[in-house]
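Several structures are given next for inspection.
Below, subunit A partners subunit B and then partners subunit C, in two separate complexes.
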Partner chain A sequence: MEKFVAFAIKYGFLIVMAGSFLWFGLLEPAFWSWSNMFSILLGVTIVGILALGVTFTLIVDGFDLSIGSTAAICVMVSSYVMVVLNLNYMYAIVFSILLGITIGLINGLLIVKAKIPDTLATLGMMFLIQGLQLIPSAGMSIGTGMMLADGSEAEGEFAQQFLFLGQGRLFDLIPVPVVAFTILAIVTYFVLQYTKWGRILYAIGGNEKAVKLAGVNVERYKIAAYVISGTISSVAGILLAARIGRGDVTSGGGLLLDAIAAALIGYAVLGVKKPNALGSVVGVIFIGMLLNGLTMLSLPYYTQDFIKGVVLVAALIFTFGLSKSEI
Partner chain B sequence: MSDKTPIIKAIGISKIFGATKALSDVSFDFYKGEIFSIVGANGAGKSTFIKILCGYYADYEGEIYIDGKLIKFESPRDAYEAGIQVVHQSIEQGIVQNMSVAENLALEMIVSPDAPFVYDKKKITKRAMEIAKKMNLEYLDMEQNIQDITQSEKQMIIIARALATKPKLLILDEPTSSISDKEATMLFETLYKLRDEGVSILFISHYLTEVKKISDRVGVIRDGKFGGILHQPLEISQIVKAMVGDLQSAFERSYDEKGKKKLVLELKDLVVEGSSEPISIKIYSGEIVGLIGLIGAGKTELAETLFGIRKPVSGEILLEGKSANFKDIHQAIKHGIHMVPENRTVNAIIPEESIGVNITLPFLDFFSKYGVLSKKNEIKASKRMIKDMGIKCEGEEAKIESLSGGNQQKVVVARWLLMKHNVVILDEPFQGVDIKSRRDISEYLQKSTKESSVLMISSDIDELMDVTDRIMVMNKGRVISDEKTSQIDRDRLLSLITQE
Partner chain C sequence: MKLKLLVVLSIVLGLFFGANSALAKGLKGAPPPFDGSKKVHIALIRQMTEGEFMQTYRAGAQIQANLLGIKLTVFGKSMDNQAEANFIYQAINMKVDGIIIDHGLSETMMKPAADAVKAGIPVVAFDVDLKNPKIPQIAQDDELLGMLALKQLVKDFNGKANVGYVSIAGILPLDKRDRSWQKIKKEYPGIKEIVKTGTLESPIASKNADQVKAVLLAHPEINAFFAPYDELGKGVVQALREARKNDKVKVYTADISTQDIREMIKSDSPWTATAATNPASIGAVSVRAIALKVAGVKVPHTILIPPMLFTAKKLRKMQIKNMKQLRKKFPKFNSVDLLNYPWIPVDKKGLF
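After this line comes the complex of A and B, so read on.
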């Protein structure tokens, strides 16, 4: 019995995932086509990238609730830079990333220096950013040829190169955002598993005081975790802007919760019980696959959030509930 | 022993965890008006036995009789109702923060299902006073917040609360681990008084001097089996022998004073934070120096100043003749000052990580190139330390939280002895460490201290007498004595430590 539980904790999640992969394909052969595989992956890239970002803050026993709104404001910034300011698309990318770094830095300073609890600090930032993104465009979405405040028409437009980041395909098959997501996932995995920085981040999450007494500048690492989270969020924002091709004020909705859910589901993968890069990636793909498959089996769209919730709760039971309870 | 028939009999208690038999056929009797101690090395099964007695494990074998009646413990509630009260090691777990002294004393009344819906302050204060009386705590201000009283007062409150239920057996698990010697003496006075009033007490402590002092009888558990009962007069050597068998005499240390010892660390009129007394000491290579004093004597402040945690107010720290006022811990480590902090759970252990990760933590720069870790080198280093220090484990990948307390401490010590260093400071290294692990650590320190030196801080004389070459006494921020261990008179040392 104990062995079975140990096995279930370790591989249960992956077995369920493989099982549903087979099940969907048997019921609906189109599910297994390459184009569908990539459409699943493309569907989860933005959330997946954000999940990688939030993984860093979860590792240091922190939390970043501002990731979704950071991505959203970067959508607005990219659009504003190209459409309203009529600047080169490179400026859009650079400004967005600088903004992501700044937001992360402010989060980090609020938490580490001002000692505001992580959830509260980033909740505050989330609100602030959500409001801020509306100001430059007076609450309107930004699109090519939009009417400006002075009555004239915006002259700029989304550059083709920029749109390629969101809509292009390599070899006419692999979507560019999927490539970006894959690279980011591999880098994150490597940094967390094989470098001293990853080791120290995990150690901080385990016992911050002990790491401090081992001579590590813990504050700097914690701030860095939030800066990485902000930066990764801005990358997600850039890809999202490139995909939708306009500065949609509502684009950030739902990103935050989906990303956090994926990272938490990741705790259950291989029974590691810790935030981890592989888990976050698997978590986000699992949700994407499940929704794709169920939609093919004509499940109504309004049940999607419910399904995600069920998966999350089940994964949390795997992670925390099945382990031996200590007194 | 005021009564001939035991009030509680535990007969043939056994407990199996998976494939290992943690406890096998252990029997103890408890009498009214007696202080009984159970001793055993870490991992011997002492805590398993106590947990069974407290009802934590329902699947034990054997029988427990209370007042001659067989009772099967299914849950802690059963033990509680049968009159077994435990005061756990952690004081913080026993009190409710943010509540007043009165509320903590009368906690049972507040949380009981029969408690009135409306909070009756008057009644609670009255009940709290009744409970306080049992432990002579009436002098406490009932209204003040529990956080504002001392550790030992908190502990007295917990004991008073336990006594209020008129227990058959009061179990005290490591009650002296977080209070000072003076407070411990006060606690013992109280325990004698309770014993004379007929309370039956089960006392558990790692400190054998305490066990010797306070117990009427001592029960021994050795390797999960019954190891005998010892009666007064007790001798520490006799207790140790019963616990772990004949230990090989500690490593013969040939500390050659006239040898080529060189000055490693020198403090010149160093004034640490919170004190105005200048400290001047010298520590030489190959030396193990003890620093003893009461809580509040300034030992920890001194250690933290050496390790770069605090800034010195004035004076100088010289390391091999060079000025060494480090601005942070990182600098101190870089210059070969290492420190094993007190209280490993809070300050040292990363519970969910492996033994290996815990050992190499401060020296990841050494084990990595361009930030990428060389796991091969790490594993090699960890394996060496596991072997040299005799850490009992399944391998360097085992999680540190799966080890016994003594072995966890070995890992923490291994962390700081792994790399070459000038001085290693050990702050209360034997807190909550069993005698076997203590010997292992001491022996390793004695063997490995050649070019470097050790500064061991403790409030326990016997620990230091065992290991050190020299002992300095700190009293109210001043170093008032500095003598070779071989020439020290224990009683005089004690009076120096406690003198006002």
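After this line comes the complex of A and C, so read on.
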């Protein structure tokens, strides 16, 4: 019996995932097409990238709530740079990433130096950034030809190369954002699983005092985790801007919660019971696959949030409820 | 034992989901595939899902789809532009027979829509300019919508008014109505735009109410508001009531619904006039348009829905309390005589 429970905890999630994959395909063969697979991946890319970012902060027992707003402000900043300032798109990318690093740095310092609890610090920053993103454009979306404060029209536009990042496809099949997501996922997985830094981050999350006593500069690592989270969020923002093609003020709405849900579902993958890169990626793909498959089977669109919630709660029960407690 | 039960359950659920795709009823005198040769599957992909206009549009589309024997799958995540683009690709993967794109940003939707056409799936669009000669554009006559309401404003104020303008740039129908506003301002210099505000953040009415309240404090000289979308108008009215200025300021909008009517007929309501089309009939026209395209019938590139002006005074006089009575007393509002063919059944009794 014990062996069975252990097996269920470790492989249960993946089995359910494989099972649904088969079931959907049997009922609707179009589900198994390559273009549908990439469609699923494309749909979850932005959330997936954010989930990877938030995983870092979850590992050090923190919580970066500002990831959604960071992505959103980078959408506005890159649009502003290209459309209003009429600069080359590379500036848009560089500014956005610098902004992501800065936000991460501020988060880290607030938590480590000002000793504000993680959730509160990043929550405050979330509101600040959310409001800040509206100011340069006076609350309006930024698009080519928009009217500026002095009555003139904005002349810049989204460069084709920039749009390719979001809307282009390699070999006419693989969406570029999916490539970016895959590369980022592999790098994150490798860093967290196989490098010294990854091990130290996990150690900090497990027992911060012990790590500090061992002589590690815990503060620097924690700040680094938030800087990484902010940077990754800015990458998500750049891709989002490229996908939408406009500095849309409403972008980024549900991203935070979806990313957190994916990261938490990741706890159940392979029964690791802690934040991990593989879990976050698998979690986000599972949700995407589920929603795609159910839609093909005529599930109404307005039930999707409910489904996500059910999966999350089930995954958490599975993760924490089934296992015997360990100290 | 448990495994067997699970397998049986899966099969039953699978059959249940798969069943509705099996049967197709033919229409008399209809060209294929509406003659019963196939159950046509249309995707309705939306950007905006909140508010009465959107809900009524969808209801109208659904009824026309049912009458035509079309399976309608609705995709929409409120104000999520990236998701809307993804839905197109999902619809392509599902090999639907046609796609209706309901609102959206041109920049985001142009490529996905073009990809759908390339994949051989006909597309029609409502209130989003996809800049594609193969995609018919359905729209309310937005410039006329704006003009009708504004001309009433000019008449009521004798050419001199301090107007608060509530609108959002970048949404195609609002941009078109804005053109009428710019024209009116030029033609009647006594009509001044004191301030512009507006947001589509959810919940739309409340968020706009907050903004308008601030505007009223900063600009007490405003005596009229132009809000060319009824959700925005609701916000303005809410703000005026909370600031106790409902008897001093007049509100002119676009769109109409039962909630709007109930507010307009109140004796102390600031809501003076609105120009509108029947969103359910637009939904129905959208479905007729895509059905015709699927059947291979030529559809005009631009399909304009004509609006009507409704003043609060008229509504009160005719004792109209809801949309049902409105439709009864204004039969012209009911069904739009566009894209009607003898083989297409239309709703005679209900929404349109």
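Note that the second predicted complex is superposed on the first by the 324 of 327 C-alpha atoms of A that agree within 3 Å, B and C clash if a C-alpha of one lies under 4 Å from a C-alpha of the other, contacts with A are read in each partner's own complex, and residues count from 1 in each chain.
Operating definition for what follows: a residue touches a chain if its C-beta (ideal position, glycine included) is under 8 Å from a C-beta of that chain, and two chains touch if they have at least 3 such contacts.
Just so it is clear, the model here is predicted, and its values are computed rather than measured.
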{"item": "Simultaneous placement of subunit C and subunit B on subunit A, clash or fit", "value": "fit"}
{"item": "First (subunit B), second (subunit C), both or neither touched by A:79", "value": "neither"}
{"item": "Which of subunit B and subunit C A:26 touches, first, second, both or neither", "value": "second"}
{"item": "Partner chain(s) touched by A:43 [first = subunit B, second = subunit C, both, neither]", "value": "second"}
{"item": "Touch count on subunit A, higher of subunit B and subunit C", "value": "C"}
{"item": "Contacts of A:244 with subunit B and subunit C, given as first, second, both or neither", "value": "second"}
{"item": "First (subunit B), second (subunit C), both or neither touched by A:231", "value": "neither"}
{"item": "Touching partner for A:141 - first (subunit B), second (subunit C), both, neither", "value": "second"}
{"item": "Superposed model, angle subtended at subunit A by subunit C and subunit B (C-alpha, nearest 10 degrees)", "value": "140"}
{"item": "Touched partner set for A:298, first subunit B, second subunit C, both or neither", "value": "second"}
{"item": "Touching partner for A:215 - first (subunit B), second (subunit C), both, neither", "value": "first"}
{"item": "Overlay on shared chain A, then closest C-alpha pair between subunit B and subunit C (Å)", "value": "26"}
{"item": "Contact footprint of subunit B on subunit A as seen in their complex", "value": "2, 194-197, 199-200, 202-203, 206-207, 209-217, 273-274, 327"}
{"item": "Touch list for subunit A against partner subunit C, complex", "value": "23, 26-28, 30-31, 33, 35-36, 39, 42-43, 46, 139-141, 143, 146-147, 158, 167, 240, 243-246, 248, 250-251, 253-254, 292, 295-298, 300-302, 304"}
{"item": "Touch list for subunit B against partner subunit A, complex", "value": "18, 51, 56, 309, 328-330, 332-334, 339, 341, 346-353, 357, 361-362, 364-365, 367-368, 371-373, 415"}
{"item": "Interface residues, subunit C side, partner subunit A - complex", "value": "10, 14, 17-18, 20, 49, 71, 73-77, 79-83, 85-86, 89-90, 92-95, 105, 107-108, 111, 168-170, 199-201"}
